[in-house]
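Order of writing sets the labels: A, B, C and D. Residues in every chain begin at 1.
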Amino acid sequence: MISMKNVSKIYVPDKPPALSEVDCEIAQGEFVFIVGHSGSGKSTFIRLLLRELLPTSGQITVANQDVIHMKNAKIPFLRRNIGCVFQDFKLLPNKTSYENVAYALEVIGKSRHVIATQVPEVLRLVGLEEKTDSYPDELSGGEQQRVSIARAFVNRPPLLLADEPTGNLDPATSLGIMSLLNRINKTGTTVLVATHDREMVDSMRKRVIALENGKIIRDQSRGVYGYGD
Amino acid sequence: MISMKNVSKIYVPDKPPALSEVDCEIAQGEFVFIVGHSGSGKSTFIRLLLRELLPTSGQITVANQDVIHMKNAKIPFLRRNIGCVFQDFKLLPNKTSYENVAYALEVIGKSRHVIATQVPEVLRLVGLEEKTDSYPDELSGGEQQRVSIARAFVNRPPLLLADEPTGNLDPATSLGIMSLLNRINKTGTTVLVATHDREMVDSMRKRVIALENGKIIRDQSRGVYGYGD
Amino acid sequence: MAINPGYFIRETISSFRRNWVMSLVAVSIIYISLLLVGAFFLTSSVLNTIVSSFEAKVSVQVFVKDGAVPADVEALQANIQKIPNVKSIAYVTKDQALARFKERTKNSPQLVEQLRGNPLPASVEVALVDPRQVQTVVNAIVKDPLLAKVVKNPANPTQSDIRYGQNVVDNLFKATGVIRIFAAAFLILLLLVSLVLIGNTIRLAIFARRREIGIMRLVGASNWFIRTPFLLEGVLQSLVGSILAILTLLAAQAVIVPWLQDNLKFLPVTIAGATFAQLAGLLVLSGVLIGLLGSGTAVRRYLKV
Amino acid sequence: MAINPGYFIRETISSFRRNWVMSLVAVSIIYISLLLVGAFFLTSSVLNTIVSSFEAKVSVQVFVKDGAVPADVEALQANIQKIPNVKSIAYVTKDQALARFKERTKNSPQLVEQLRGNPLPASVEVALVDPRQVQTVVNAIVKDPLLAKVVKNPANPTQSDIRYGQNVVDNLFKATGVIRIFAAAFLILLLLVSLVLIGNTIRLAIFARRREIGIMRLVGASNWFIRTPFLLEGVLQSLVGSILAILTLLAAQAVIVPWLQDNLKFLPVTIAGATFAQLAGLLVLSGVLIGLLGSGTAVRRYLKV
């Protein structure tokens, strides 16, 4: 599903790279945690897969497509196969929760009818059935995060990227979201979660990729959060 | 320091209130956690103290000042005595980390000299000495959060409000921030932290106010996160 | 992939509503710029009518000697009538000429008193289609062999027998030419300026929404899917602005033109319906075009993500 | 509380740089609107000079009868000279009058040939300070008791002995009046329009930064502390825009005025230095004012947090 070969990302020349010489393979259907200190390159890793950024060097393949040499016009098609929960949510401010989630379906040309059945269901799954008509600035931090999660998987993408999807959620809600991700993974979706949630990582026992200063320092299947502190 | 009497906040009429009939007193020098599920009213609680919002009913006193009937021109003076870490950071996008932190000092008319000594020190305390000249969109989520933290206490305010200050931070960095808050509290500052971080709350054993659906359901000194899940 | 045609219309309208501050500012700037262009367009069209009426007063007079054979004069008239650019001709008899002279010199009655008989010549007055071509017409008349039989001084007819106000005409056309050039230049300047203004406003409005465009890209929207509502919104804003401008101009014109006609009875102040239609077309078209172009180019900048 | 005076200057300049898209658009809109106002101001000032030169041609002619006593004529001239609004007077002898007549009627030589002696009267020509007051001057002349001794038909002198082109003058002044009203109205419209445009642009730029203003409030900045850099930025943008506009106008004027003088030798085309200074003042002042007002009112809206 995902393959990175010798990938480096340098934002500012002469500064330490955000990612350096990262190699990794993630097979279809895997569930992977990415962990690491603040600033270790987790978001950069995810943004590279989404082709929000281009790497400074190296090769990236997602779903058998060369992400780096992709033509501009093909990028939207790549992204439609990737659901992404952004660390800063990236909700459209002039759209309600419902419309934000619906947008991911409108983009792929789904009919109004399909949208009208799927969106409320997904919003219910993340516990926002009462906030469908609220605009992002009328939602609490955690509620915004859940809208972002709902939008990411509403169109059942084969690859789900989540950048700290539970950073603004209480443990109970987090657990709900994680088990949702787990269920989604069980249906064959590849799931990649960048997280700080030690409890979660330790309890789920999935593959863990640990970053430090942009380097992969550990890649364990059935790993734990680590970092003895 | 803080007193709330029968405070309710209704954002949208006919919808359940975000806060309802909240009564609480927080003495000077206390360290208080506010916990609760996503959407239970923690941010609303903090925004009321900062007079970002007015309550629908009830009385609020902060540092012996009636926050509700305060004249518009006096609000800035109230806020200069309150450091606040916002859940969405609220950094000025056109200013570097340094300038964002310095702004809180410029606002109270500190000289350039004072600013030039205090700001780098505070940035070092939150571990951002290398990011002083980065703009917010060149920072990772956790780094932005730490700039927000640095700005909140750079002018040593008598009251520090923090809305999920470690939501984007890894456990190690979180611990650093929490012990920083603890040290600040030891110097006499009243600290109020809304958080989901169970580990933190359970290990620090401070006063805990638990909210649910806008009501205070628990107020323990030396409490734990609770919510058996 | 199925397409939702209704989607774009709903999207455009809701965006227009939800970004109403921006929409309002954009519409008002479009309105104001087009109003200005329109006002100047109409003013210069009135000016043009007036200037043309002055030019239309340019005519050629051929003085006929007293002994000329009437048949020759009539034949000459027939020939002149055939010259291209001649609109009409009129024969002024000696009596008519004397009457005109008396009217013109009524403050020097001694002059008229002194006259024995009628020393004034009859003349043929030639009106022109395009007064600027007066010299060509004069040349054609001079070439006519009949002219020699009719005028007094056939060797050099333009000396005294053909009059068309040579020097006045030259100055008049220089002046009207400059007026026309100035009006046209100012109109073009105004049009360019308003296009730049409208383009910039739309660009500013889209700049303020650049983050949104980035987000749309990131959730897999294709460029045309993102662009279409912005384009439609730009067109909608331009349409509203230009229609408001046209309505305002219609109303203003209904007040100002009669006032002018009242105050300038001696000048032809009118705005042709065709001129107005032309203007309306110009405004709507340039508005819509710039709406499309402005939002198109502005959006493109932020589609790079 | 200590105040950091340098802070605001640094803040303004860095904001100007970091929000350069907005700054650029704002400056360009200010530039363009003021350019338009300025161009029209200069055009209408030239127009005014030309119109005034036509008006200056209005004069009063008093025809003197052949037998008038020279002393009376001189006394009358002295009296007329004293009438308010009279600029100068000139005496036209009978010979001069005949020479002018011959020049005017050179295409009807028969007329002049017929004249025995000199039937044309001498006249006193009166130039006016304000030609629009011609009627008052004429009335004053008519009231002068000496007039009866000098003219031929003292019972009704304005019939034939005093000429000032009554009807022509009326039309001329109506036309020049309308031209002036139109030019002034258009100038005011342009000025208003550009103020609205500039105000709106600044408002849009600040609207795009409303979140920033809210954040500033939340970290304890007082209103004037937030507002000052925005005001200074608005003033800076307006200054840059208006100075650019003035420079462009200076350059354009240096090219266009000579061209006009070349093409319209018979018309007085000049722009006084004072006019230009006045214009420069107007542009800078209105630019800065609207910069202040625009950003002031726009910022206020978002200071409510």
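Convention: contacts are C-beta pairs under 8 Å (C-beta built on N, C-alpha and C of every residue); 3 or more make two chains touch, one makes a residue touch a chain.
Quick caveat, the model's predicted, so the values are computed rather than measured.
> Kindly list the shared contact partners of subunit B and subunit C, in label order.
A, D
> Among the chains here, which has the CA centroid at the largest distance from subunit D's centroid?
A
> Measure off the straight-line distance from the CA centroid of subunit B to the CA centroid of subunit D, and report it in whole Å.
Roughly 63 Å separates the two chain centres.
> For subunit A versus subunit D, what separation do you get between their C-alpha means, in angstrom?
Using C-alpha averages as centres, the distance is 68 Å.
> What whole-Å value do you get for the distance between subunit A and subunit B if each is reduced to the mean of its CA atoms?
Centres of subunit A and subunit B (C-alpha means) sit 28 Å apart.
> Indicate the residues of subunit D shared as contacts by at least two other chains.
In subunit D, no residue touches at least two other chains, as defined above.
> Considering subunit B alone, which of its residues make contact with at least two other chains?
Correct list: empty.
> Classify the inter-chain contact topology: is it line, ring, star, complete, or other?
Topology of the interface graph: a ring, with each chain touching two neighbours.
> How do the chains pair up in terms of touching? List each pair.
Every pair of chains meeting the touch criterion: A-B, A-C, B-D, C-D.
> Using the touch definition from the top, list the residues of subunit C that touch subunit A in their complex.
The contact residues of subunit C facing subunit A are 1-4, 6-7, 14-15, 18-19, 212, 215-223, 225, 305.
> Using the touch definition from the top, list the residues of subunit D that touch subunit C in their complex.
21-22, 25, 28-29, 32-33, 35-36, 39-40, 43, 63, 106-111, 113-116, 119-121, 160-161, 163, 171, 174-175, 177-178, 182, 186, 189-190, 193, 196-197, 200-201, 203-205, 207-208, 260, 263-264, 266-267
> Taking the complex as given, what residues does subunit A use to touch subunit B?
Against subunit B, the touching part of subunit A is residues 11-12, 35-39, 42-43, 87-88, 138, 140-143, 145-146, 163-164, 167-175, 196, 198-199, 225, 227, 229.
> Can you list the subunit A residues touching subunit C in their complex?
Against subunit C, subunit A makes touches at 50, 52, 73, 75-80, 82, 84, 86, 90-94, 103-104, 106-112, 151.
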